[in-house]
Amino acid sequence: MRAIIDWDRTARTGTAEAILCDGKRVADIEAILDAAAERSLFLTRLTSDAFASLSARHQASLDYDPLSKTAIYGPLPLLTRPATVAIVAAGLADAAVAQEAARALRFQGEETTLVGDVGVAGLWRLMDRLDDIMAHKVVIVVAGMEGALFSVLAGLIDAPIIAVPTSNGYGVATGGRAALSTALATCAPGVVTVNIDNGFGAAAAAQRILRLIDRSA
Amino acid sequence: MRAIIDWDRTARTGTAEAILCDGKRVADIEAILDAAAERSLFLTRLTSDAFASLSARHQASLDYDPLSKTAIYGPLPLLTRPATVAIVAAGLADAAVAQEAARALRFQGEETTLVGDVGVAGLWRLMDRLDDIMAHKVVIVVAGMEGALFSVLAGLIDAPIIAVPTSNGYGVATGGRAALSTALATCAPGVVTVNIDNGFGAAAAAQRILRLIDRSA
Amino acid sequence: MRAIIDWDRTARTGTAEAILCDGKRVADIEAILDAAAERSLFLTRLTSDAFASLSARHQASLDYDPLSKTAIYGPLPLLTRPATVAIVAAGLADAAVAQEAARALRFQGEETTLVGDVGVAGLWRLMDRLDDIMAHKVVIVVAGMEGALFSVLAGLIDAPIIAVPTSNGYGVATGGRAALSTALATCAPGVVTVNIDNGFGAAAAAQRILRLIDRSA
Amino acid sequence: MRAIIDWDRTARTGTAEAILCDGKRVADIEAILDAAAERSLFLTRLTSDAFASLSARHQASLDYDPLSKTAIYGPLPLLTRPATVAIVAAGLADAAVAQEAARALRFQGEETTLVGDVGVAGLWRLMDRLDDIMAHKVVIVVAGMEGALFSVLAGLIDAPIIAVPTSNGYGVATGGRAALSTALATCAPGVVTVNIDNGFGAAAAAQRILRLIDRSA
Amino acid sequence: MRAIIDWDRTARTGTAEAILCDGKRVADIEAILDAAAERSLFLTRLTSDAFASLSARHQASLDYDPLSKTAIYGPLPLLTRPATVAIVAAGLADAAVAQEAARALRFQGEETTLVGDVGVAGLWRLMDRLDDIMAHKVVIVVAGMEGALFSVLAGLIDAPIIAVPTSNGYGVATGGRAALSTALATCAPGVVTVNIDNGFGAAAAAQRILRLIDRSA
Amino acid sequence: MRAIIDWDRTARTGTAEAILCDGKRVADIEAILDAAAERSLFLTRLTSDAFASLSARHQASLDYDPLSKTAIYGPLPLLTRPATVAIVAAGLADAAVAQEAARALRFQGEETTLVGDVGVAGLWRLMDRLDDIMAHKVVIVVAGMEGALFSVLAGLIDAPIIAVPTSNGYGVATGGRAALSTALATCAPGVVTVNIDNGFGAAAAAQRILRLIDRSA
Amino acid sequence: MRAIIDWDRTARTGTAEAILCDGKRVADIEAILDAAAERSLFLTRLTSDAFASLSARHQASLDYDPLSKTAIYGPLPLLTRPATVAIVAAGLADAAVAQEAARALRFQGEETTLVGDVGVAGLWRLMDRLDDIMAHKVVIVVAGMEGALFSVLAGLIDAPIIAVPTSNGYGVATGGRAALSTALATCAPGVVTVNIDNGFGAAAAAQRILRLIDRSA
Amino acid sequence: MRAIIDWDRTARTGTAEAILCDGKRVADIEAILDAAAERSLFLTRLTSDAFASLSARHQASLDYDPLSKTAIYGPLPLLTRPATVAIVAAGLADAAVAQEAARALRFQGEETTLVGDVGVAGLWRLMDRLDDIMAHKVVIVVAGMEGALFSVLAGLIDAPIIAVPTSNGYGVATGGRAALSTALATCAPGVVTVNIDNGFGAAAAAQRILRLIDRSA
């Protein structure tokens, strides 16, 4: 089977072509990179082992980040404005997913601000950063465990707010189900959510909003 | 227990105060209306039976819609611009949830366009309306059963797109779980979702985006 | 089958005998009341219909509360001290469960303070009552939907804190599962939980703590 | 325990004997191959490690494919007609399951056409291949994630259509549950499904249909 | 919202337009019937109460069957050949779903044979009817509880076999989940399945096969 | 569809023919009774409403028990020995299921002893009856909620012990799932279980054991 | 923590002391063996790795079987009668669990007959062995996948029949849930079940029955 | 992202700062230790591999316990009173979780008594230790499998009792779900529970109670 890259996607949906590497073979990924040629690509869920299995030439063509398991193929766009998106993470264990979102936005030319380790067990940590968060257009909130941060933050700000539940946690939180159900069942109106650990999806949603603003301006 | 209405919510989060009537007693609802006085309120999940149990005076103070089980207390704001949000519904059975979203946005002064009965089993129905949908800033998609409409539409347009899975369906779709998992697992990047049947939540999310545009303009 | 009442339970476990009426027939309940004679009993989950089906004599012997579906048989103990337990409820829909806990503690001679409608979507409501809550020895928190209140409050106070998830909610919150998983997965250390809607169980746990204090004094 | 091979199965049910290697020991598999003698066998879920553990003689007797983890014992039948079955795969990660189906049909003497990487996020990819798909008698659709391809394709063609949900995906799609529920809850009438990742089962179902056609001709 | 009937569906997918009445209002159904005019329609999940709520004129236009909750609008096609499909039902409680499948096929001009009450607890009942079943081209098997009939019958015949799990059962079989998992996990190759209680879907799948035979003849 | 009664079942499997009335229509049940003629039948899950819908003649032919929702058609066998089976029930709410088991055994000529209201929250109640329980050959244990009684009793006696989880309970115990998982996960070896609320199944299992003893004597 | 071995268990419950090695450390197991001294022990779930980690002296004291992961400490009792229990396994992948049951019974002095690879997809395999199976007092049935064998066999014989669902399977059968739900939801009365993969538990239940027979003789 | 340690937590909530190491990188943990300087920290879920990856200096600064996967940074407080908390564990496999609770309390200056291997399958083991258990102020009960110990012990004592379900078990007990549902659904009033395997959480809850006693004295 050969990949059919959807090079028109950016024009159609505002999202550049991205490759989910999970389940793809090394040869698949190399073939996709070869086909990309001069175009840019964003790769997600590329494990360190998979990256190391690529040929030296292919490795060299990628800007790889092991924390977020993302790789960028092709030159990064210049940044033309200050950070538009705040990425708020509940704990250090959520850093990988937060980074996936940040890298996906950077790939599209958007700067982001990371506000980390502000879980609700110590509410003052969040309050200290609230003004900073509110200075951004869109807010992505990344949290595992029970995900109470989604509700608390949504009750405090009026920006579009996108929840990313993460799979950090154990017992009833295993796999991210508890955080996901909090994001969906939240009593704070206007929270939207993406799949567990889907930092890339949150970035794509944020970009849909940013493009709308740019068009509306 | 007495209600503590969060009258400042609009200023803080861009969402007017809304009352989820599920689980509240008739006396609770009447007391909240009395406390509202000159302010406006949006009531959700107010069943026909509950509405009929209110005193005549309280009934008369409400603009009640039995399909969406919503009621509006207080005068509606004037509409000052054409429809900003398209509400796309997969089938007739999704009408109640679509209407909840439409009424919630109307309560906040936003006009909406309803695009109904365009499920993917007959794809031409959606294609026929695509230009119309794309003329709006934000798109809310309402679907039950397997919810394939979320993915298909997100692959065709670049506006912010908010999925509302509905509880229409039977067997594995009972309660809306199949549609919800489609909204979350979608292969089309940038879809965000709210809880099953939560038309009000989708409207609140859309309004966060619209306010951002207005602020950015 | 005949009931075997465990009249020694108070001596053994600090909890007076209580009757869960769910699943019992009217004749069962009447026979238990007859057997109780001069002793006291606390009845839970006694629906209005079941109460109305009891003989007039049995109805008259009960102090029945339809909101919490509890009944008290026998005289109430005198109150000998101010409220020891704060019962904090996220919303009006949680009133029934909060009331079950309050009545169960009152049956055992403990006064309680109800702090209601302080969900985290409007955090200031909780902050306004924090000093009041902290003036009590034990805190019972009652919340449905996503139950974020459990985590937020546990991060703010150092009293023993018992979560009671309620079945209020829809979609992924149906039946109380989302609130329960928040109570269990909370990032705030020291929260303990009981079964969904189990106000009586929370009261029994609170009483175990209060008795320990009395013994230790 | 010794295997009791059901050599009559082809006559009775139209499916040649196949061996599910999962959970069987190397010695079990070798004994089955020895017992097969001159007869043919199709082996599924034979991992590379298990294959490597077989004796050199047994390895040499097999046509092994590591992608699909299938092996064929005995000579392949000649192909006597063009491809009767189209195997449509949503993404590259579905290649292994698609290949299991293709190999199982080839083992029975049926040629297949693979139509790959046509997920609905870029609908034009599917539309481009629609005529090609419709030139086949039976269509097997292989998809993970949310499986929207099942519904979309079933709304476009009138051939028998067999869904194979795959376990590709993460979060709520983990293990293939989201794709399975889409296959079952689909709004497009006439889709049937097999177990997650069961390419062999889909092939067996396709073959039941093809045999019926041959008998009816 | 107005219905957009997909009158071309038969030409495109081999399935006549059908209306799932679940979740639709009486006015919706009446409007659809009015729009149908001279064309035929098949209505599923039309409860007796909903049927009784239709206007007398609309009731009179329908051939309604309360057991299967189906209605046929428009004249039935003549039968031009003997029964092509055997519908095998495990127990009397599966009659409603079996009847839905039979009526859906009859609506399309196909005769069916019902083979009822042949659950595996008394295997001789199935064996007695085996020759009769095998005289048909396609077999639909309808079973609730644990659904063992799917596996047993699939091991005995070589026709295409479509499982319809039903929601009959209690405890772990509640809602049909046990029968569904048997249909999917079956050890007998070539069984395909549709959603729980989806007799209509099984009929549509059978018809896809029958049309293929007719085209291939 | 007509019922095919398996009149030979007693000879083959040691269980008399029983009719699960759930999902059967009144006419089905009446037809089965008519076909039974001089033979005996045991009916389960016959609701009071369904019983009341039978013709007066059919009602008169049945020994109906509303608590267990069972009916006996035909004369009861004489009792020829003292109780062989102890039925131990955790609480009064388990009486209906315990009674279903008792009636099913009585229908087959076996006397039972009911030991009721001996849940583990008051362990002395069980200890008081232990000698009585141990005087029986087989023990059926009926419990809802968390079902701890299964483990405790199995650690104390050496008779065959059959658990029947019941659907009594709320929250995580809703539908009997908590009691069922206790029965299966028990740390006390030798407990076997049947489906939730399946008193009849436990009776059938007990009878298989009793028949074996009689044959072995 | 030190083990407290329940050496009286045989006298009390008819089951010799067994050690579940899962989750125990090597030092724990060695200490238990040392404490056993002249008494016998049955060890379950002792992986090959754990066995290899024991000291040479402890290894030498055990009769270890890697297939079933069981070990026997102490001399085996003499066999004094022919096989009393038939262990019927659906497929080769069920051999490990069947062997656990066989070894547990052998440890207690009972001989067993293994009837293997008789899954219902080829029903004649089971029919061929039916007389052999019926020559035993108790029947243990071991099956994974969908577990249809439980229902089929229970409809054919009248011996006590104990189902052991196994975790063999994939997709919806992962972890054994499909086989378990079949065992519980079976339409064949009198089947009882134990936990997934619990061959030891089935043996303990069989032994409870055999001891009862011996006492009753 | 940098950690923001909540050094004020002890003053605010009675719990010293603890670090959940799951999901954190080695560099994160080292940075946190460096920031702690003279203050104390409790680390949970620090695997042996993660501990071994720390620099020699950081390893040397920790009191690491591989059984409970906990580490203590900083000097331990002196013990000033006899054990206040009894930790009751059902089996040896629960030792790791029991140890996590014991170490967390020791870190806060509380001595504990471990009462191990007292599961309910041999009830005498628990009864033998009952007086010992009752000599403590608070009881933590640690159990996997079906967790019946929670209910039994809660029926026998009147101290505050905190259940910790563990993930020991297989089949339906996999991951600790069976034990958790027992803890929540218990028929013994006053049991509270924490997340599966959360020994630290139970310790924090116990400490909230102990601090309350100290304040009340």
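In this document, chain identifiers A, B, C, D, E, F, G and H correspond to the written order of the chains, with residue numbering beginning at 1 in each.
To be clear about the criterion, a residue touches a chain if its C-beta (ideal position, glycine included) is under 8 Å from a C-beta of that chain, and two chains touch if they have at least 3 such contacts.
Source: prediction; values computed, not measured.
S.K.: Supply the minimal count of touching-chain steps required to go from chain D to chain F.
M.R.: Between chain D and chain F, the shortest chain-hopping route counts 2.
S.K.: Matching residue numbers in more than half of the contact pairs is the bar here; say which of F-H, C-H or B-C clears it relative to B-D.
M.R.: That interface is repeated by F-H.
S.K.: Any idea whether F-H or E-F has more C-beta pairs in contact?
M.R.: If we tally the contacting C-beta pairs, F-H comes out ahead.
S.K.: Determine the centre-to-centre distance between chain G and chain H, using the mean Cα coordinates as centres, and give it in whole Å.
M.R.: Computed from C-alpha means, the inter-chain centre distance equals 35 Å.
S.K.: How many angstrom lie between the centres of chain C and chain D, each centre taken as the mean Cα position?
M.R.: Computed from C-alpha means, the inter-chain centre distance equals 56 Å.
S.K.: Suppose each chain is reduced to the average of its Cα coordinates; what separation in Å results between chain D and chain H?
M.R.: Between these chains, centre-to-centre, one finds 49 Å.
S.K.: Rounded to the nearest whole Å, what is the centre-to-centre distance of chain A and chain C, using the mean of the C-alpha atoms as each centre?
M.R.: The separation of the two C-alpha centroids amounts to 42 Å.
S.K.: If a residue has to touch 2 or more other chains to count, which residues of chain E qualify?
M.R.: Chain E, residues with two or more chain partners: 91, 121-122, 154-156, 171-173, 180, 184-186, 188-189, 195-196.
S.K.: Following the definition at the start, I'd like every touching pair of chains, please.
M.R.: A-B, A-C, A-D, A-H, B-C, B-D, B-E, C-F, C-H, D-E, D-G, E-F, E-G, F-G, F-H, G-H
S.K.: If we count contacts the way the header does, which residues on chain H are in touch with chain A in the complex?
M.R.: Answer in residue numbers: 1-4, 6, 8-9, 20, 22-25, 28, 45, 165, 167, 175-176, 180, 195-198.
S.K.: For the complex, which residues does chain C have touching chain A?
M.R.: Touching chain A from chain C are residues 90-91, 119-123, 145-148, 150-152, 154-156, 169, 171-173, 177-189.
S.K.: List the residues on chain D that touch chain A in their complex, please.
M.R.: Where chain D meets chain A, its residues are 67, 89, 91-95, 98, 114, 116-118, 121-122, 124-125, 144, 168, 170-174.
S.K.: Quick one: which bits of chain F touch chain G in the complex? Just the residue numbers, please.
M.R.: Touching chain G: residues 12-15, 18, 137-138, 154-162, 180, 184-186, 188-196, 200-202, 204-205, 207-209, 211-213, 216-217 of chain F.
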